[in-house]
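First chain A sits with chain B, and in the next complex the same chain sits with chain C.
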Partner chain A sequence: MKKIKIFFQASFATAKKDIISILRYKTWFISVLVWPILMPYTFVFLAKGLAGPTNEGIDNFARLSGTTDYSSFIILGNLTWMFLNMIMWDGGLKLNSSRRIGILDTLWTAPSPRLAYVFGSAISSIVINFSPIVISTAFFSMVKIISFKANIFDLLIYTLSILPFIIGFLFIFSSLTLRSKEANLVVHAVRVILSILCGLQLPIGVLPLFLQKISLSIPITLYMNCIRDSIIKGQGISYHINSLIYILTIGFITFIASIVVFKLTEKKVKNKGLISGY
Partner chain B sequence: MENKYCSKADHFFLVIRASLKKNLLEIIRYPVNSIFIVLFPIFWTLPVYLLIYSFAPDGVSKGLQIYTGTDLFFPYYLIGMIVGLFINQVFWGMGFALKRLMDIGVLETIWSYPINHLHFIIGESIYNLIETLYSLIASILIMRFVFGFYLTVEFFKALYIFIPFTIVIYGFGIFFAALILQFKDPNTLVDISSFTVMTLTGSQNPVQVFPKFLIAISLSIPVTYFIDYLRVLSLNSKSLLPKNIEIIIMSISVIVVPLIGIKYFKYVDKKCRRLGTIGIH
Partner chain C sequence: MKAIEINNLVKRFVSKNEKIVALDDISFSIDEGKIFSLLGPNGAGKTTTIKILATLLLPDSGQAKICGYDVVKNDLLVRKTLGTVLPGERTLFWKLTVKENLAYFSDLYGLNPKYSRKRIEYLLNKFEINDRKDTYVEKLSTGLRQRVVLCRALLSDPRVIILDEPTLGLDPEASRNLRNIIKEIKDEGKTILLTTHYMYEADELSDMVAIINKGKIVSIDTPVNLKKNLDIERNITITSRNFTSNFIENIRQEFFTEVKKEINEDGILKISFYLKKKDDALSKIIKIASEHDIIVDNIALSEPTLEDVFINKTGKKFAEIEVSAK
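Then we have the complex of A and B:
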């Protein structure tokens, strides 16, 4: 019990530190409030250029994605991508940036669980990034760029169910950044691979069949389908009950496995003296 | 008088050389980064390519034809991508280099050297320019042979446009570096300025798809005309404004944009030194 208390104390301290550093910069509101509105537009404008003024060039997209509402499809995908991305990478890259500015070894010698540093960063990401995503979704539906037909509680349940998988993924990624001092390449590669495989910025129908099968086994793809079907088509949670069970099962397995991986890496890093140095 | 100018020129090249050497040493220290420089544009483009593919599998777009008069989306997009990458690299090279030096705590030391600070950031960006060329050539080859994106012969004949364009983009870059010195948070500034200078200038899509107020903003950014003119020459697409007017706007911007950039940089540099905020981040 005491261990759990210490873990959460350290996590909240890390989250507080991260939130203070984010709010330290005057431009924080741009990245948190303006960027989630601007970024999806990049893809919407590109799609509009391809679709034409009155959807003359949309046939192939509609066949692959199952909807002619390309704006909603692309915006929801991009907002989800942005939200998951920030949680997944922030914790891992925070370790890397602490190493770069020379405080990682100091943090590492503190008498607190190291996993809490990563978990704390994930909490700060969720706190800072969740409301902007909600605000931008509300904005896009108010200006009638997306058609919002979902039940909000369904969306909340889907989002809570994906968190164990995302946090597990974050712990595994953090282990990698602890071992490797050049994490950028891996970050960008995995980001793009996930974005493609999970159909976040494009319809997965565009991928070869064997990749589509892999894609449908990743919880993020199913989560994305649930969100899109709820918001665009107004489908209730009963349509996606099997997906929800799958997301939760894989999520918990990933979460537990990731703790084991992190602990093993922590030991290895300590033995090999890989903490300091950049 | 002559000696004074010689010494200034020597001084300029000395700073550029030192900056290039510093960056080269970093590349040797982190060799994986040199692979990353080539792969970055591919990573960045792959989801976009697949999205384009989902609309126009053969690269021919009816929608684009209606907006611009050409239906060749692959070369249309590739021209925008080349210009966009160029813009991004100069922005990152000038602005982010300063932030990185702030983070690792050496900017204040470098700023106290008896060098012209403007020369220093130009030096940083020249290294970046070399890196950009390396990455551009690699990505054009990969885009050609892996994804089937191609450039027309006319594009290569129109490459001279990049000379005035480089001058303008350096003006923007110097202005941007000054913003970093002032506001200290490059990620957000890079995101927003990339959106403004890349998306709103029509590097990825025709400007005609924007709502009217965004078209007005787009037409007030000189970069829009460089991209449009390159596409007009390469793909014979419809120009946004009459060609002569576009040429006049581009010519004026070659003088005005760098002047504003340099003036603003000098103002911020002086202000930061007076307030002692160079090393703070």
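Then we have the complex of A and C:
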């Protein structure tokens, strides 16, 4: 019980520290307020271009994606992907930069579980990156580019259900960072693969059949479908109950496995002396 | 109970297919309430020892205990018992204030918020940085920053404190202030394991000193004993206004040594030579001087320093170590 208490105390303290630190950089409002409004326009204009002068591309798009609302489809895919992306990598990248500047070993001399620093970073990523998503979605709904038909409670349930998978993914990535001391290559490679496979910027119908099968086995694809169907078509949780169970099951397995991986990595790192920045 | 106990500790690393023995069966112990310095050239095994004690590294074999807790089996209890200051500029979060940093680390130690607030207040006052509590760490001088680092190490009121190069990069005044703080910490009954590149610092602070070289403890004793038992030549300088060549020849024959002559700024002659053994050298010199009617203004016999001990045991000067480290 005491271990759990100190884990959460350290995690929330890390999240608070990260949030305070980010807010002290004067440019934070650009990423939180300006960027979420400007950036999605690139996708809207791109989509308009691809639709053709008489929107002749829309029928084809609807056949592949299940909706004619290409703007909502693409904007939601990108916003959600940005949100998940930050949670997936941020904690691992922070771990690596802590090691590089030489503070990681100091943190590891404290008696809190070492996973708490990564979990804390995940909490701060969720808090910091949730607001741009809300701002962006609200703005594009207001200007009628996104047709928002969702129940907010449903969106929260979907988002909470994907978190164990995403945080598990983060723990595994953090373990890899600790082992290899190099993170960027993994980030670039996995990010591209997932963005193609999970249909974040494209309908998965355009993928070869065997890739579509792989795509539908990844919880992020199912989460994306839930979010899009909920916002664009107004479908409730009952339409996606199987997806939700699948996301939670895979998420739970990934989360438990990632804790085991992190613990084993921690031991390996301590054995090889890989923790130090000095 | 010993505050720190190390028995037959071994650690090897493999680098580019080459096996490096970082610690080669070292053993030592530290009594509670003492300051113990670990001195050695770069790569001697100091940092490896400290990392094992701080639970950042696992030993290959042997045992290390802090206040009876095994660093491998009871690592969580060890970290609760220990306050650690590791080297480096960035061991605090620069975008947080002094108080925010200390509050953050209190949470990492699982301290009760009420206790933590009181403890932070107490430490800030004790180390005279209460007026800077709301300053960002990036705006503090290196000396003040190091005081905050010490505050952080003391947050949980640990029984044992590891200080790895605590005065590195500090100006002389800040170093002296920090040394005084270290003495105050010792007066509170804490046990301190110190590593330093500054010999005078180890000499001034330590109850015991261990010299480590190539992963082995080559010498361990009190600073006084280490210097006393050192068998090296000591330099002796005699100043007089009426040296005679017979006197100097007599000295040369008596001590089997070369005698160096020099005229100092006031035009007074000074001779110096090395003695193998101190023994009754002074009384012999005085006797020879009186036989030759020499009026001796001054006799100075250099005592060995801890640096002499270090050079003797490791075969390296600290200056050489600094250069090779760069």
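Here, the second predicted complex is superposed on the first by the 270 of 278 C-alpha atoms of A that agree within 3 Å, B and C clash if a C-alpha of one lies under 4 Å from a C-alpha of the other, contacts with A are read in each partner's own complex, and residues count from 1 in each chain.
In this text, contacts are C-beta pairs under 8 Å (C-beta built on N, C-alpha and C of every residue); 3 or more make two chains touch, one makes a residue touch a chain.
Just so it is clear, the structure is predicted and the values come from calculations on it, not from any experiment.
Asker: Specify the outcome, clash or fit, for chain B and chain C once both structures are aligned onto chain A.
Answerer: fit
Asker: Once the structures are superposed on A, label A:112 by its partner contacts, choosing first (chain B), second (chain C), both or neither.
Answerer: second
Asker: Given Cα centres, how many degrees, to the nearest 10, is the angle at chain A formed with chain B and chain C?
Answerer: Nearest-10 rounding gives 80 degrees.
Asker: Let me test your reading of the model: by the given contact rule, A:9 touches which partner, first (chain B), second (chain C), both or neither?
Answerer: Touch partner of A:9: chain C, not chain B.
Asker: Answer with first, second, both or neither: which of chain B and chain C does A:256 touch in the superposed model?
Answerer: neither
Asker: Quick one: classify A:211 as touching chain B (first), chain C (second), both or neither.
Answerer: Neither partner.
Asker: Looking at the overlay, what does A:101 touch: chain B (first), chain C (second), both, or neither?
Answerer: It touches chain B and chain C both.
Asker: Between chain B and chain C, point out the one touching more chain A residues.
Answerer: B
Asker: Based on the superposed arrangement, let me know which partner A:41 touches: chain B (first), chain C (second), both, or neither?
Answerer: A:41 sits against chain B, while chain C stays out of touch.
Asker: Please provide the least distance in Å between a C-alpha atom of chain B and a C-alpha atom of chain C in the combined superposition.
Answerer: Superposition on chain A places chain B and chain C at a least C-alpha distance of 7 Å.
Asker: If I apply the document's touch criterion, which positions on chain A are contacted by chain B in one structure and by chain C in the other?
Answerer: The overlap between the chain B and chain C interfaces on chain A comprises residues 25, 101-102.
Asker: For a test of understanding, state which residues of chain B touch chain A in their complex under the given definition.
Answerer: For this pair, the touching residues of chain B are 30, 32-33, 35-36, 39-40, 43-44, 46-48, 50-57, 61-67, 73, 103-105, 183-185, 187-189, 191-192, 195, 198-199, 204-206, 209-210.
Asker: Taking the complex as given, what residues does chain A use to touch chain B?
Answerer: Against chain B, chain A makes touches at 25-28, 30-31, 34-35, 38-39, 41-43, 45-53, 56-58, 60-61, 64-65, 74, 97, 100-102, 182, 184-185, 188-189, 191-192, 195-196, 200-203, 205-207.
Asker: In the complex formed with chain C, which residues of chain A make contact?
Answerer: Contact set of chain A toward chain C: 2, 5-6, 9-10, 12-14, 16-17, 20-21, 24-25, 101-103, 105-112, 116, 267, 270-273, 275-278.
Asker: Given the complex with chain A, which residues does chain C contribute to the contact?
Answerer: Touching chain A from chain C are residues 13, 48, 51, 54-58, 76, 79-80, 82, 84, 86-93, 95-96, 100, 103-105, 107-110, 136.
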